[in-house]
Amino acid sequence: MDSPVKMHTKDLNFFYGDFQAIHNVSIDFTQNQVTALIGPSGCGKSTYLRCLNRMNDLIPGIRVTGKAVLDDQDIYDPSLDVVTLRRRVGMVFQKPNPFPKTIFENVAYGLKVNGVKDKAVITRVVEKSLKQAAIWDEVKDRLNESALGLSGGQQQRLCIARALAVDPEVLLMDEPASALDPIATQKIEELIDQLSSKLTIIIVTHNMQQAARVSDRTAFFYMGKLIEVNDTDTLFTKPELKQTEDYITGRFG
Amino acid sequence: MKRQNIDKTVRSGFLLVALFSIVALSLIIIFLFLEGIPILEHVSLKEFLFGQYWYPTDDPADFGILPLILGSIYVTVISGMIAIPLGVMTAIYLAQIAPATVSQIVKPIVELLASMPSVVIGFFGMVVVAPFIQQLFNIPVGLNMFNASLMLAFMAVPTICSISEDAVFSVPTALKEASLALGATHFETLVRVIVPASLSGICTAIILGLSRAVGETMVVLMAAGGAAMIPTSIFDPVRPLPASIAAEMAEAPFRSEHYHALFAIGIVLFVFTFLFNLLADHISYKFRQVGEASL
Amino acid sequence: MIKKRLRAQKICFFLLKVAVAINGAALAIIVYFIVSRGWRAISWEFLSKPPTDSMTMGGILPCIVGTVSLCMTTILFALPIGVASAIYLNEYAGQTKLVRFIRLGINNLAGVPSIVFGLFGLAFFVIVLDMGVSILAGGLTLGIMTLPVIIGASEEALKSVPKPYREASLAMGATQWQTIRKVVLPVAFPGIITGSILGLSRAAGETAPIMYTGAVFFTPDLPSSIFDEVMALPYHIYVLATAGTNIEATRHLQYGTALVLISLIFGMNLFAIIMRAKMRKKLKG
């Protein structure tokens, strides 16, 4: 485990108005590893994830204290440009959310808004991203059809391709398979495994088997607090804390 | 320019445009006062508001708008007595009782009624309703307070109905079910739970509907009879505020006393509707539904 | 006991149905009179010729052209401002005091009586800005009056755009303006247009705001620029019915003009209602 830390938070707190949703969370995310965030519903794992690309900025009345750092840059530094941050830290959402545009336009969208104009480059990157997301063979003949005509699993892989197209360094995934059937879920999991060779992935899941299958490290959240973080194997076989053990063995939550 | 900076510029641009409504409203107020206030050089405020004689072209002219104010109040009250029950009852029916197929027919009817131009309703009042009530009640003229109120009522119904319907419709199902589960009939649930829960919305609807009736011009211009005197019966002709402005502006010389007096009537009319709207805004803001329990 | 309660329910539901029936009957009666007495006046000549013989004969072409040009001016002015205001309120602004103030302004603008818009248009556009009685002055007056409707319709359309579209776009490093322009507006566009047509149909039927700003009693020529005065359908009905040279003899022209006006307005409404129904189906998938 000598790979460098790509992103980390230190004593991160998050408030909705007076309500504190995240308490002093510190985690290191190692480069090219998959970290899973687990915990019962409402434990703050999704909120925490959204702090990492400042998606929570969209909610009025929120406040963040502590540090969240990407490489050496504090992402809550007022001088930091949130648009650039979001390009570097991509996100895949719980429900597949393709735009009501064609498959090609969906993937090309991120490139276009980031100022890429060269058609040849766009075409190449779209193909590469779709291949990376393991959906190229299924859609290569219908790139100009609406993305809304795809199945749920295909839509989600399209959304992953769309996120990959802007070449992010970190990919946040918020329960990316929760709306999918088992076969589609398996495909997404295989994909996560392949992508982790190039990207740092942080995935929120309520499914512990999934966390065990896909992740290198796992962090367990409860009531807005980080209870335990460790190598996935260790956390699931020899958890240090009773609370963690209770959760992973299904005694509460 | 970096696109992030473009974004900031665009945002400020949109804010500027969004302020346009405020600017327009301010300009309206400013110009009403600019052209209306000079009338007070000729008559006192009290004489203007409470004077009983409106003879703007006499020499010397009388600028008392009490008959016009009373005309407006009377037609609004009478039209309210017709429009409020009609509008609210239709809304309750649509939101809580009507089967989907029926409301799919009735809703467009209400929308079409709302889109009916006022000049057409005024015209209808003049050529169809006036002769009819003249015969029915055996009165000398059919163009009177009753006719105008009736026509105004049908202009206010769609406003009252559509806003009340939203209010009644948004009553949480949980409340309704709670009442039904206690053995109340559908009707008792309506009267004791649903209507009280949506009362603030219904009030807002009524105020906005009446505000529309006060400000409506063509109907009262064409169907009210146009006599600037204090009415003593429902079949007397009246000349509400908007009708005076519309009828006389053409003959009022630019920036004459009469011209200023008409703008001053505009101020009175504006203040009427402004107060109505503030009240409606206040009610809907203060009593907006927070949780299921807040009645 | 329960029988009595159910009887009360029956009676009251019956009364509610009566209320609905009265509204339907009112619409039906008005439409019936206008159509049955107006359709005889409608002919190709009526639609394509100007009035003749002191407006006791001939057609209403200048009124149709006038109403259409007023409406064009109205929409060209009110649509951009209305949509931009809605974008600010719905996409950029939070729950600030300023926003509440702007909304209060819009609500009050919506409540201003139509004749007061007419007074304002006269004092400001016609006199101070020296536009004279013209399509421009009348169209701008109607435009300000229509603005709250367009803002409301646009906001509703923007609200119906699913939030995940916005999030996905922002998460890819798009700026907010790029997100609005490329994702939100295309989805909201049909709704905005539908609402605007409804607003415009109301403007088309208004008389009081244009009486002293855009429309005139009679002009033999069709307008050649936006600085020309015009005849307009609603004003023409009013003029013929109250101040024409021979009110009784021109009744059929009055009914005919009213029929043309409500056909125009109902047509716009029907178009919007059908379009909206189609969109709802599409959104539901």
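Which chain is which? They are A, B and C, in the order written, and residues in each are numbered from 1.
Heads up, the rule we're going with is that a residue touches a chain if its C-beta (ideal position, glycine included) is under 8 Å from a C-beta of that chain, and two chains touch if they have at least 3 such contacts.
Not measured: the values here are computed from a predicted model.
Interchain contacts join each chain to each other chain, per the touch definition above.
When you average the Cα atoms of each chain and compare centres, the chain farthest from chain B turns out to be A. Ranking B-C and A-C by contacting C-beta pairs places B-C first. Separation between the centroids of chain A and chain B, computed from CA atoms only, is 54 Å. Taking the mean of the C-alpha atoms as each chain's centre, chain B and chain C sit 17 Å apart. Once the centre of each chain is set as its mean CA position, chain A and chain C turn out to be 48 Å apart.
Those residues of chain C in touch with two or more other chains are numbered 175, 178.
Among the residues of chain A, those in touch with two or more other chains are 83-84, 113.
Chain B has residues 3-4, 7 in contact with two or more other chains.
For chain C in complex with chain B, the residues that touch the partner chain are 5-6, 8-9, 12-13, 15-17, 19-20, 22-24, 26-27, 30, 33-34, 80-81, 84-85, 87-89, 92-93, 101-102, 104-120, 122-124, 127-128, 144, 147-148, 151, 175-178, 198, 201-202, 204-208, 211-212, 234-235, 237-238, 241-242, 251, 254, 258, 261-262, 265-266, 269, 273. The residues of chain A lying in touch with chain B in their complex are 81, 83-84, 113, 115. Of all residues in chain C, only 94-95, 162, 164-175, 178, 182-183, 186-187, 285 touch chain A in the complex they form.
The touching residues of chain B, when paired with chain A in their complex, are 3-4, 7. Residues 3-4, 6-7, 10-11, 13-15, 17-22, 24-25, 27-28, 31-32, 34-35, 85-86, 89-90, 92-94, 97-98, 106, 108-113, 115-124, 126-128, 154, 157, 161, 185-188, 208, 211-212, 214-218, 221-222, 242, 245-246, 249-250, 254, 262-263, 266, 269-270, 273-274, 276-278, 280-281 of chain B are the ones touching chain C in the complex.
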